[in-house]
Every structure is written in C-alpha cells, then in structure tokens.
C-alpha cells in the first residue's frame, strides 16, 4: 500500500522532470506529453518486455497513462514555479529510483527468477525510463556518466533481496532498503559522489 | 480489403521516405534497405511487442519485409525523379499515418483492451516508425516537434473507436475517420498548423 | 559445443570493444559495465523479443550477464595493453558476427519460421548489439554506413540455411558457413571493401 502510493508519486515526479527536459528542447505539447509518459512508464515497460511479463503495467492500468500525460501537460502551465521546487524534484526523483527498483525486484521475485536477474530487473525498472528520455532528446544517457544512479539502484536491490532471503519481515526489509537507497542517493547528490570514469583516448577502429 | 491495399501503399511510401532520409546521411545500400524496413514496419512491431501480440506482422508475412526492403532499394535507382513526386509522397505519408492508426486500433480492439489503450495502440502504430527512423539518423524525433503528426493520429483513433462504440456501420466509420484524419493532416501541412511549443530555459539539474 | 565456446568468446569480445567505446566517451565504470552487457547480449535479446522467444538467453543463463559485465570492467584495468591487441579484437569481433548469425538462424529454424525470417533473425542477432551501442553513444549506427557488416551476416545466414535445406551434414555446413563469412569479413576489412553509398542531397520535406 505504501509502495503503491510512493509509486504514484514517483511516476508523476518522473513525468514532470521529463516535461522540463522536453521544454529545454522546445518540444511541442504533444512531445512533452509523450516524453512524460515514456520516461515515467518506460522503465517498467522495458522490464516487462524483457521478462515477457504481459500485460505491461500501463496496458492493464490505463489510468497511469492519463496520470503521467496529465502531469506532463500540467508542468507546462506551472513551469514558471518549478525552479522553486528544484530540490523537491531531486528528492522525488530519488524516491522514484528506489521505489521503481523495489517494484522491479518484486516482479522478478514473483516469476521466481534467479538472484542476478532480480537485481537486473530492479535496475532496468529504475533506470531505463531516464535512458529513453535521454536517447529521445538526443543525449548520451546520463546514466552512463553520472553520480551513482545505477549504483544506488543495484545496491538497493541487493539489500532488499538479501534481506528477504535472510528471512526478515517483508515490510521492515522494504522500508530499510528504500531508506538506505534514498539516503545514499541524496548523499551522492549532496557531495557530488561519482563513480570513477574510464577515459580511453586511443582510436581502436 | 480497402484497408489492406492502403496498408501496402503506406508501407511502401514509408520505406521510400526513409530511404531518402538515409540518402541525405550518405548511408550505404544496406543501411538504406534496413532503415526502409524499420521505418515502414517499426510502428506495427512496437505495438505488437508492447501488447504482447505475437507473431509480429512481418514475421507472419515475410513478404512485407521483401516489399519494403525492395522499395527502399528501388528508391536509390529512382531518386533523381523523386523530387518531382515530393507532394505525392507527403500525401502517401499522410495516408500511411491514418491507415496505420486505424489498423493499430483494430489490433487492440480485437484484444478487447480499454479505450485509452486502443487509442495508444493506434498512435504507436502510426508514429513509432518515424521515431525509430529519427533516432537511428541521430535526430531528435520530428514527432516531438512537428505539425500535428501525433495529434492527427490520436484524433483519428478517437473518431474511429467512438464511431464504432456508437454503433455506426464499420465501413462507414472507417472511411469517415480515414478521410477526416487525412484532411486534417493535409490542412496542417498546407497552413503550417502546429501545436504550441513548451520552451523552458532554466537549468534544473 | 564448438558453437558454444565460440559464443562465449564472442560475447566477451563484444563486451570489451563496447567498453573501449565507452572509454572514448569518458563514461563511468557503471556505464562501461552496462554498455558492455547491452552490446554483447543486445542482439540476441532483440531477436528473442521480436520473435516472442522467451525467456531471453541471459535471463535463462544469468552467468552471461556476469561474464560480459566482468569482461567490460576488466577492460578498464587492461586498457593500456589493448591497443597492442587491436588486430586480435577485429578478428574476435568478426568471429562474433558470424557466430551470432548462425545462432540466430538456429533459433528461428527451431521455431520453424520461413526462410526470410530465419535470415533476418540471424542478422538481428549479429548486428543489433552494435546498433544499440552506437545509439547509446549518440552516433549514427556504423552498421548503416560501414563495410559489409550486415552483408556478411546475411550471406553467412543464406549459406548456412541453404546448406541445411540441401541436406548436407549439419556440422560441415556450419563450419563452412562460419569460415566463409569470417573470410569475407576479414577480406572486407583488409581491402576496405564497402557497399556503394546512396547520396541524396535534395531536401524533400
């Protein structure tokens, strides 16, 4: 139930940040709406397609499509106030990351897939939406270059699944994993933690 | 039957316009052929993958692959005459948009999916081919920035599905939706109608 | 069995070349690891999703995920020695292309799909990984512009499937197709063979 409410908050937050990204590229209202839906629901869709887990979430619950599309459109009207909420959206985006991760792990756990795939399922759910947003905006995905985004997702997933396998109470494991992942992400943002980069300048081909 | 003939015309038209886009980026013959197939058949493939509607159209009917690949290759030979046909191809592309939309709605209707998903299925079928073409050509998808393309698809779908739900004759609803959508698209092209843009220049991240 | 060993070599080689591509774009370690996995396993995943052939290879065999991710990470440590191995990696990449192609054909043959789709399945398996790498690195896919890459895959597939249909021994057909495809690819690299380009400079839209 808590997870469900957090999920709704998270997809709205993802749709709003995608709409702002669309606005920075002067997309039209339809583009804003589509980019919002794709970013918010793309991670879960990619996971379901990869795992063959049909129907996709938004096909079973079309309201999610209306919710995210509506949030993206509303962003256009409210954009002038958005920069005051900058920090709120960074927080909501971080909540989205860990919530999506836990939901993705749950889907793979229900399908009784092996540990590595459960973690991958969480990471795909948490991260692919942002990758799609960046590819459609013609950028190199931030995921591949930025602060601990995928790392937070993987660590949250490992903590969550390990906790369950060790037999701890489901709700406690969930809350602890979500909070730890969230804390790690916020610390990474605050202190600009990042993974080391791999810089290779020789031309191989 | 009419829809089937229009479908064949539409995939050929999409393959030809994709081949010209490939030529503007100096792709080789294989790239032209592949981009033609992906653009013409990508919308229906994306719809089928998203809805879990297997086998994909071109897997069940490999001739479509040969038809679109052949049309793309033929474009290379005939390119010097293509600019005389500029307006014909804009018309055929517009026909493709509304025909793909109606076919996409039909697939979702047969699967007894809810209204919103039927419209989304029509839009995915109508628009994703062009998005794939633009991503593979390393452009921001035109769909997100241009004149009423997705809008025409959504309105055509709404008209078609509403007409059916109101109990009108199937053929009449289809022809009226196709013609209205086509008219709207051609008017949008003629008078440069476009959706308002959302321009947002503050850097949030 | 031979095919299996060659497959393992091929996915490692693809992961390493993708890691070097990631290094040329200064991605962080997570990006290197992800790009390695996506490039090495993306072709087979795309084929399985398009054909509705579940579960995907790496979902059934999570070790492939660890192997390719590990190879990508190891590349970071060993990058300084990699340029000495430039030619070895071109060879391994060529082996990967033909091995992936034959495996892709086998999957479609087992599903009893028609000839054209079997060839397409081989080509998707052989080529899509590199396309994903290029799209995620924000390049126009090399596939659409370079030396006989897709062509080698298609010809290898045609030789393999035709040989089987003519009733020759499976192992002989496989080895002959692999070696012929490999030879063609290496000759194309050595002598800079390429498909003719289609250059079209008129602006249609």
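In order of appearance the chains are A, B and C, and numbering begins at 1 in each one.
One rule holds for everything that comes next: a contact is a pair of C-beta atoms (placed from the backbone, for glycine too) under 8 Å apart; a residue touches a chain by one contact, two chains touch by 3 or more.
Keep in mind that this is a model prediction, so the values were computed, not measured.
**Student:** Between the chains shown, work out who touches whom and classify the graph as line, ring, star, complete or other.
**Tutor:** Per interface graph, the chains form a complete graph.
**Student:** On Cα atoms, by how many degrees is chain A rotated relative to chain C, nearest 5?
**Tutor:** Result for this pair is 120 degrees.
**Student:** Using the average of all C-alpha atoms in each chain as its centre, how far is it in Å between chain B and chain C?
**Tutor:** For chain B versus chain C, the centre distance works out to 29 Å.
**Student:** Residue numbers in chain A touching 2 or more other chains?
**Tutor:** 49, 52, 135, 138
**Student:** Can you name the residues of chain A that touch chain C in the complex?
**Tutor:** Counting only chain A, the residues touching chain C are 49-52, 113-117, 120, 131, 135, 138-141, 143-146, 149-151, 194-204.
**Student:** What does chain A use to touch chain B in their complex?
**Tutor:** 17, 19-20, 22-32, 34-35, 45, 49, 52, 54-56, 59, 62, 65-66, 76, 79, 82-83, 86, 89, 135-138
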